[in-house]
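Residue numbering begins at 1 within each chain, and the chains themselves are lettered A, B, C and D in the order written.
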């Protein structure tokens, strides 16, 4: 059996983490922090009662009464921001200003100006500021990126991407994300299209430069929200730096699709396909013979192999990827420079692509994505 | 074992068929004609020698020296046109004017005006005039269409379509289709995008109304062609009559993809996915539980079941679909009105969608597809 | 597009075929005969009325009143035997004695002595006598065999085979095959296990030498049959000439499985997996990287490529395989020696394996398969 | 998004764990212990130096010089035994005798007598004693079991199981497991066949009663081991309590198969297929229409849903399953009675099945599995 007895990181000293928010993402963040051997100092939420409940459920040492109190605690090194979208920017700003490292859920902000200011602030203060574009942390996504980087695929020609979900497919399905006041002006694209665009650019190693988009709001009224303005689905044609063209389809109303993020990049020499729901394999298409590459650490690129903590055939999944993201962010806090860590600059980038999508959909014209 | 002992059709009297062209498609057409129990009267090709060779290979009773001679033969009821694209319209016109039924390869013409004139001529003469949008004849494509028609999918929301091939992926791969003088002004879209658009509209039961497209010519010089102007790949955002939106990606330069035509339609109640390379199954996506529907004649819609000539688990394929298309066209010649037979109106429709794609790609603007 | 404009065979002169039986298999045989450009002289069935009906449905020139009359017709070269199992041997014998070539459905006979006598008779008369082990005629099954033969898989170590169906899964599902008087003493194994064993031996290039089997009759009473003695499912451990070992599971009562024939052979260097329901691909497993080999004629072994009548990505299926089988059988009648044609010796072999299975199941001991 | 904000367990008080061994399995155990919020008190290994290395790598508070010292530590509640097979029994015995709870890697012992004695000792002392048949902890394996238990599959008819790996496929691949002195008299079956048999019985809810097996040692000499007597592959026919029959194929020399554990159970009403390498789905086969059931907590049986810690479409994997196993074992230590926890009785059961396999292979006869 392959000898994989070391965990992803061995941070120099114990990281002391605090958590804002007590929902699903806070649970995922806190598991990853624990796996990275952090001290889970405490958490806070939208009320003191909820903060205590979250602390009990998630195993925090303490519950804080307010975000301010948590941020002010000198025993906390890093703040995980796991709250509704519209609050990300202000909490992240406060944490950075208090000298804390920050791991902030996406979208980093609901407009590019705020996101840019946060990225600048983090840089100015020399703090680690990361955004969980977590799908970058599947070993086979790294393997895809490494193969593009070494030229195996040749010049990029086309991109075929989709991110399809169905958790808002029913007319009564509802969530705070649906409300623009809490979720921001974009929903489907900001929520999941941003992951798709990030993964395309991460693997391709080049940027989307121009796009033509169409958005659609299927249900203008849901269980608790009315006058809904945020989009349920988005269809986009994109052009990349190298001249590659492609399509992105993003939907939260696609019955039967749970979390179907897929990208297929075709170059002059080979194609690569990665599917988040089957993250253990990478399809490598060649005119001669196509190949399924298994996540076998012994045969992957180093940056992919280092994320493989169990042997091939023992499936790794979403929490494993999240664990690797947090481990790398903590390693950065410890002074390392892990490859591919998504930082606030990447969070800003996602907001810019989202704004281009909304602008194109509004104008019916091609729009350049701000560099 | 299910009792499927009757072939798709039992035409009233024997159809007498003639074939123009001697390449791959002529072979496919002639096999289908034989399966439909036609008399394979004769064929012609680009030279008398080639005509004799094709007649020998494909089992025609006679070789004709010219298209004119074949069309003039009173012993021929139907002419199969299997020649390079730029010649389709003139041969089809001559055959119709001679009172022959016509089965003409797509694209029916290289511009909409010619295609419209042909459709009008066929209607005026009361002749059967069909275009092989053959993917309509997979039982599970029919099943998908039937499920949309009965409302199982609800209101259509999104379309996710692709048609990816790699037979022109090498810079030296070449073909007459690459030359606009023979193949027409569009290549990838006219050749395969037309199949994709036809299948989307056929299954959805509604039309693409507007689109925004981007085309790309990767290789401007191939083995024998230079100054190539026809596109290798196309990315499109489409809007349909009902307001559904979606993406279509079409490429002949996607390494590892052989004939990867796929459509996924998502409605308010269910999604459907059909893949031409796995034509024996239909994925039905529902928020609750998704289902794989096998091609089991006992459980399909009547229009799907009638095309199933072997039991479930005994794969049907491309030639079976082509056989069903020709059988239905011959049945129409015999006076029947088979559901879903693609006629010259459908060939015209495909040219109009193709022209809209080229127009949008040229202007960078959304373009309405002519009704 | 690859140039595949020739059909599998071009027989020297037209073969004149007669058909005994009018059910599903007669339809499949007759389509294949037509595709091979035979003259479909006539057919007969269990009554004169049924014979006329079959002739109408299947497009035969004439209906014969009796098997004897059909066999006696000097205008018939080859007799296709498509009747219930228990009648195969006597009809095949009569046809051979009348100097006809024979294509006889499996099982060739319901005991090895009869099958051996038929094989000897065919050899003595110098007649072509074939049994439709049709799964041999999928190009990728041939490709698998070619790869084993050239040593790509190394020494054979294990065999993992299954043939699962569900058409008898309901307690009321019934058929003449269930009745030992018509179907013979074995049902599931004689019917489909024989295909599985044949394909394993055909691809492996070596024989099953010993086996230990367990059979089970789930329903002793069905809609019209009672006191049912024939087995619904069989589980077998096999040993092959080279010392390879493996398992075969055969069932006609496996809900959801339509015609799930699969074989996976593992050798010292590589594994191969072929699934009849996905016949267009071959999985090649290697410790380093596994590969999906598409049915791309340009890249297959010659014996596989010659059976590929459409390009990669245009699915071939069951009828295509059957067409190739009949074409090869007719080519043999025309004097050719096509590789891999299953003859009466192979039909005898299947009966011997079946008898070993029944013997082992009865005794509870390992049984040698007669050579 | 579904609200899954609670981890699998919330143990009443912190469990204090000690670890014997420092290899791959110790890493997996220790991650699971950390995820369950245990205190990782310390570990030991085959030397003091290795113990310190393991403690550093795996994040233990202390390194113990010897197994005896670790077991004697009053600050340890539970001992995880992750050493070579031949040492399991003696370490587990010592730990139980010291009043510690034990989680012991399989095989629990290298013979049934030792395993039975351990199970008896654990019962007598009232200690939790578990064996990581970890594949029981995939939510969809639980879902399969729940569906069998509620009668959805009907009476069980057949079992189709396999466990195929390739990490010993090369003649030079080697490991302590190959040496019977360290690994015990059975290798492939004890190592992985035991998982397969356990999962079959766990899901089916009934036991294997009789079997006929064939084993094979492909390489009698590897890199460091010679005169190898332990088997590389095993083929088995099994019979279960209800009369169901089936096949099990187990191999560690199957090129391209990494950890391919699969079971397919067919009953009178439905079939179920679970594949460990794709643990997020369960195939439910029915004659009418087959279904893919996604791991969607909202729609699973309670015992499956409680193991689902992230929403559908966010893949769970091997470590998640292991975390759930350890969480349940710790919950049992805390006084709970988690359903489906594999205890020493199950470890004994696996040894008995293994001994039956070896006995049948040696004698060539059917063997009853000791109850």
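The working rule: contacts are C-beta pairs under 8 Å (C-beta built on N, C-alpha and C of every residue); 3 or more make two chains touch, one makes a residue touch a chain.
Computed from a predicted structure; not experimentally measured.
Colleague: Any idea whether B-C or A-C has more C-beta pairs in contact?
Modeller: When A-C is set beside B-C, the one with more contacts is B-C.
Colleague: Based on CA centres, what chain would you say lies at the far end from chain B?
Modeller: Of all chains, D has its centre farthest from that of chain B.
Colleague: Using mean C-alpha positions as chain centres, tell me how far chain C is from chain D in Å, no decimals.
Modeller: 41
Colleague: Between chain B and chain C, what is the gap in Å from one C-alpha centre to the other?
Modeller: Chain B and chain C have C-alpha centres separated by 34 Å.
Colleague: Counting in whole Å, what is the centre-to-centre distance of chain A and chain C, each centre being its mean C-alpha position?
Modeller: The computed centroid separation for chain A versus chain C comes out at 53 Å.
Colleague: Can you list the residues of chain B that touch 2 or more other chains?
Modeller: Within chain B, the residues that touch at least two other chains are 257, 290, 294.
Colleague: How about chain B: which of its residues touch chain C in the complex?
Modeller: 1-7, 10, 22-24, 26-28, 31, 34-35, 37, 54, 56-59, 165, 167, 175, 257-260, 276-280, 294, 296, 309-320
Colleague: What part of chain A is in contact with chain C in the complex they form?
Modeller: Contact set of chain A toward chain C: 288-294, 299.
Colleague: Which of the residues in chain D end up touching chain C in this complex?
Modeller: Residues 157-158, 160, 162, 164, 166, 169-171, 212-216, 218, 232-233, 235-239, 243, 245-249, 251, 253-257, 266-271, 283-287, 290, 364-366 of chain D touch chain C in their complex.
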